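I'd like to ask you about the structure that follows.
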Amino acid sequence: MTSSTQVQVKKSTKKLENLGRLLVKCPDKAGIVAVVSTFLHNHNCNIIESSQYSSNPEQGMFFIRIEYHCDNLQEKSAQLEKDFEVIAKFHEMDYNFSYRNERLRTAIYVSKEAHCLMELLWEWQNGDLDTDIVVVVSNHEDARPFVEALGIPFHYIPANKEIRKQVEAEQIRLMEEYKVDLLILARYMQILTPEFVTHFESRIINIHHSFLPAFIGAGPYERAYERGVKLIGATSHYVTNNLDEGPIIEQDVERVDHRDDVSDLKKIGRQIERRVLAKAVKWHIENRIIVEGNKTIVFH
Amino acid sequence: MTSSTQVQVKKSTKKLENLGRLLVKCPDKAGIVAVVSTFLHNHNCNIIESSQYSSNPEQGMFFIRIEYHCDNLQEKSAQLEKDFEVIAKFHEMDYNFSYRNERLRTAIYVSKEAHCLMELLWEWQNGDLDTDIVVVVSNHEDARPFVEALGIPFHYIPANKEIRKQVEAEQIRLMEEYKVDLLILARYMQILTPEFVTHFESRIINIHHSFLPAFIGAGPYERAYERGVKLIGATSHYVTNNLDEGPIIEQDVERVDHRDDVSDLKKIGRQIERRVLAKAVKWHIENRIIVEGNKTIVFH
Amino acid sequence: MTSSTQVQVKKSTKKLENLGRLLVKCPDKAGIVAVVSTFLHNHNCNIIESSQYSSNPEQGMFFIRIEYHCDNLQEKSAQLEKDFEVIAKFHEMDYNFSYRNERLRTAIYVSKEAHCLMELLWEWQNGDLDTDIVVVVSNHEDARPFVEALGIPFHYIPANKEIRKQVEAEQIRLMEEYKVDLLILARYMQILTPEFVTHFESRIINIHHSFLPAFIGAGPYERAYERGVKLIGATSHYVTNNLDEGPIIEQDVERVDHRDDVSDLKKIGRQIERRVLAKAVKWHIENRIIVEGNKTIVFH
Amino acid sequence: MTSSTQVQVKKSTKKLENLGRLLVKCPDKAGIVAVVSTFLHNHNCNIIESSQYSSNPEQGMFFIRIEYHCDNLQEKSAQLEKDFEVIAKFHEMDYNFSYRNERLRTAIYVSKEAHCLMELLWEWQNGDLDTDIVVVVSNHEDARPFVEALGIPFHYIPANKEIRKQVEAEQIRLMEEYKVDLLILARYMQILTPEFVTHFESRIINIHHSFLPAFIGAGPYERAYERGVKLIGATSHYVTNNLDEGPIIEQDVERVDHRDDVSDLKKIGRQIERRVLAKAVKWHIENRIIVEGNKTIVFH
C-alpha cells in the first residue's frame, strides 16, 4: 500500500501552473476523442483525467472535459489555444481553456441570513474552495464584521423594488471594478432584473431553499410545512430570467417529520443549503459544468 | 450482552393475542396522559411502547399511540373498549383500539407494472408484512400467474374511462365480498371517482412516482428528465379527491445525473417506489399513522 | 393552515423558564407511565412531549423522557423535585430534572483542525445550540483569534505524552474554575488518562473520524483509503476508558470513489464530522440521551 | 424538449450487436488516450462513452473504459481484437473486449435466505439485469420452486465442513457444464476453499451483511446490535482467500435506533443487501469494474 501514499506525494508535488483544463461541446461525430486527444498529445499535454458524454449516439451533441499536465504550460498556453482554434472551427466546437493557477474572481451576495456565506468563507479559508473571493455585497450590514475580518471588501448596498435600477447599476459597476467572473447569491433575497441577469449570463449561481421544482418562489419552508412533506431540500442552479427555473447544478434533501415546525425546517434546511451551494460552487470553479439547454452536465 | 439475546427470546415468546394498540386524538389539555395511562393500568394493561405529540402546547390537538400487553386480552377487550367510551366522550376523543392478532384484510390494485406488487408479496412471504392479502385486482392479466401461485385470488377487471362506473361498482362489490379493510394502489394507473374514494376514505394508499408536490399527475419521470433534476423520488400518500394531494405518509429519493435517460430514471425509480410503498403500508397496518388535516402523524 | 402559523406564535411566546424536562430510567413494571404522568399532573405540569422505551416487556428496563410546561416553574421546581424523591425511591429510578432556562456550561477542546469547533460556534451563534460555551482549550494557538473574537476565553495548554499528568491537572482546575458540565473533544488529538475520563464520566463527547467500529484508532482516513471503502463516516460517542469504544450517539457517512485520495477523504470527512458532532451535542444538551450499558437511547 | 424524447428513440433503435466495450489498464504514459481513440476511429468505431482514471499523473497506472458503436461489429470484432494486440503489447496493456450481445453466463449460489436471489431474479425478469442466469445452486431445497418456475435449472448440493472437497468438485463440474462466467454468492453461507476461489479468481461476487471492514465474519447483525451502532450496512465484494477482505465493489447503509432489536436489524439489512448486491452485479456484467490491487475502480 506504499503506492497509495506515493500517489499523495506525487499529487502534492505536481505544479499547479502546469495543470490545464479543456471543456468542449460540439455536434457528435466519429473521431472527436481521437482528434482532441491527439492534438493535446502533439502539444505535449498529458491527459490526467477525462470524462465524456454524448447526448445521443447518432446525431446528438458531444461533451468532453479533460484535465491535462504540460511542462511550462504558462509559456505554451497562448500557442496551444491559437492552434486549437482551427480544430474547434472545423468541428463547430464551443470550448473553454482554463488553468489551475488562474483562479476565478468571485463575488458573494447575501442578505440577513449568513449561513451560506459563512460556509463558503470557511471552505475558502480551509483551502477547499479554489477561487478568489474578491468582494461581498449585501443589502444589510450584518455580515460586515466577519467578512472584513477576513480582509475581504464588504459593500453595503440597500435594496428594494423602488430603487432596483440604480442598485443594479451600482452593483454592475462594482462587479466591473472587481473584475468579477462569478456571482454567488448566498440567500440574497432580492429579485434581479432581466437586464442584470443577462449581463452575467451563466455566471450567477443561486441557492433556492426547496427541492425544485417543488415550492418555486417565496416561503418554501412554510409551504413544505403546510403540505406535510417528509423530506425537505435545497437546489443550487444557474440564474435565468425564469424565477427558480434555471439549469439545476445540485440538489439534496433531509428527512423531517410531523414534530418539526417551520422554524425546525429552517434549521435543518440551513444545513442542506450550505452543502448544496458549496458543492455547486466548487464544480463551477473547477470547470466541471457544461450548460446544455436548461440542464447541466456535471463531470464529477 | 446475553441480555440482548434474552430480549429476543422474550419478544418472540410474548403472545400476540395479548398485545393491543390504542390510538387517540383529542383537544390538548392537562392530564390526558395521566388519564389514559391510569385507565390502562387499572385494566391490567402494561404499556410497552408509547409515543405522544401535541400540535400546540396551549390549545392545539393531542395525539398518542400506545402499545400494551394484557393477559387474556381477547376476553377483556370488549369490556376494555366499553369502559373507555366514558373517558373518550368526556375528553372528546377520536380513538381506535386494534389487536395484534386481528390482521387487516388488504387488497392490492395493480396495472401492468408489477414491481410494487411484487415487493409487497415478498415482504408478506417473509413475514415482514403483518396483514392478510386477501385479493389482487388488476386491469391486466399480467400478474395473475405469480399471484395465484401464492394462493391469492386474482380478479381481472378491464377498466377505462367509458366503463368506469360499472368497473367501480364491480370493485366495491369485490371489496365487500372479501371484507377488505385496506386498498393499496401499487401502480394502478386508473383514476378513481370521488364516489369510490369517499367509499373507502383514509383506507386507500397510493404510490406516486415523484417527489410530491413536484410532478403531480402523469409522466413524472419524463418531466423530471426534462427539468434536469439531480434527485428523483417517490411518494406514498392516502388517496383523497384532490389528485396526488392527499396526506403524505412517506417519501424517498435517489441521485441521478445527466447520463440517465427516461428509461434509466424509471429503473431507478422502481427501487424507490418499492421501498416507499412498503414502508407506508407497514406503518398503516401497525396503526402507526394518524391523519390530521392534510398531514400524517407517523409514530415510528 | 392558519393553525400552523399559530403554532409558531404559541411556541415562541411560551416562556422558557416554565419548560422542564424529566428523564427516568428504572426496572420496567406495570403502571410506571401512570405514576409519573399522574405525579406531574397533580403538580400542574402539563406534558408537552413524551417518549418511552422498554428494553424488554416482561423484566427489562424502562426509559422515559418527558417535556412539560408549568406556570412559575422556577418557584415550584424545588418542591417538585423533593416530592418526586418518594416515587423515585419506591420504583428504584435513576432520574434527572433539567430546565430549559438553565443551560449547560460547555468546554470545547480542539487541536489544529478547527472545522468541528467552528461548526459548534456557528450553530451557537445562530441560536441553534442551546448551551453556554464558557471556554475553549487547545494544545495549539491556531484557534485563539476567532474564539476570542466571539468573547469566549481561550486557554492554550501545550500537551504531549511526557507532561500529560500536569496538563490534565491544569485542565481539571480550569474545568472547575469554569464550572463545566460538558466537555466536547472537537478533534482534540490527545489521549486522555483513565483518571481524567473517570473524573468527567458520561460528560465527555468525542468525534471520531471513522464509521466505528471500523478504523478504530489513528489514521482512519488513510486506512479507509487503503481498504478501498465506498463510503466513509464519522462517529460521535461518549468517551470511556476503552479507546473509541464508548457509547455511540450518532454516526453518518458520505459516498467516495476510486478517484478520491486521502486528502479528498479528509475534505469530505470534515463535512461529516461537523454535522455528526453538532447533532450529538444538541441531543446531549437537550437531555435526549440515556446511556444504558455501552449503548445510547436517544429520544428524538 | 423534443430532443430529449428523441434521445430515447435513438437509443432504443440502436442495435445491440453493434455495441462494444473496451477496458484497458496499463502503465500511465503520455498519449495513451490518443493512441486508443485513434485506433478505434481508424476501425470505424465511434466512441459513445468513455471514462478514464490515472492513479498517479507521473508514474502510476492508467485505466480507461470505452463504449463504442460500430456497424457490423460482429463481422469486424475478430480483426479489431487482432489489430489491437500490437498496441496492447507495445503499451503493456491488460485489456478486455466485450460485446453487448454476448451476455455473461451467471450462476447464483444461495442458502436458506432467498431475498438476494429474489432481487436478482426480479431485476432479471424486468430486463434490468443484462446477463443469462444459467443455474442456481443451493445447499437447501427452499428456493427450488420459484427458481424452476422461471425455467432456471436448480441444483441442490448439500454442504458442510466434512464433505467440502467433494461438494466443491461437484460445483466446479456444474460450473463447467453450464459454462459459467460469473458466480454470485447471494447469501450462500458456506466457506469456500482456496482452491475453489482461485479457480474462479475475480469471478466470484459476494454480499456481506455488514459495512466492511466493520463486523468481518459471522453474526454481523448480532454484533452491530451489541455495539449499538446507529447505521447498519452491507458490502458487495470480489471473493479472495482473505475472508471478507476482497476488493469492495459497493456498500450502502440504513439508519437504525435503540428500538431495533436483532430481528429488526436483519429486516432492514435485507433491503440493503438486496440493492447493494444488485448494483455490484450490474456493474460487473456491464464491464464497469477494474480490480487494481485490493481495490476496485468502478466506471459509473
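Going in written order, the chains are labelled A, B, C and D, and every chain counts its residues from 1.
Throughout what follows, a contact is a pair of C-beta atoms (placed from the backbone, for glycine too) under 8 Å apart; a residue touches a chain by one contact, two chains touch by 3 or more.
Just so we're clear, the structure is a prediction, and the values are computed from it rather than from any experiment.
Relative to the C-alpha centre of chain B, the farthest chain centre belongs to A. Looking across A-D, C-D or A-C, the pair that copies the B-C interface, with over half of its contact pairs the same by residue number, is A-D.
With each centre defined as the average position of its C-alpha atoms, the distance from chain B to chain D rounds to 36 Å. Chain A and chain B have Cα centroids lying 42 Å from one another.
Shown for chain D are the residues that touch two or more other chains, namely 1, 7, 11, 49, 53, 259. Because contacts link each chain to all the remaining chains, their graph is best described as complete.
Chain D makes touch with chain A in their complex at residues 1, 3, 6-7, 10-11, 14, 29-34, 37-38, 40-41, 44, 46-60, 69, 293. Taken in their complex, chain D has these residues touching chain C: 53, 211-215, 227-231, 233, 247-253, 257-259, 294-298. Those residues of chain C whose C-beta lies close enough to touch chain A in the complex are 1, 4-5, 7-8, 11, 49, 115, 118, 122, 126, 128, 149, 222, 225-226, 259, 261-263, 267, 270-271, 275.
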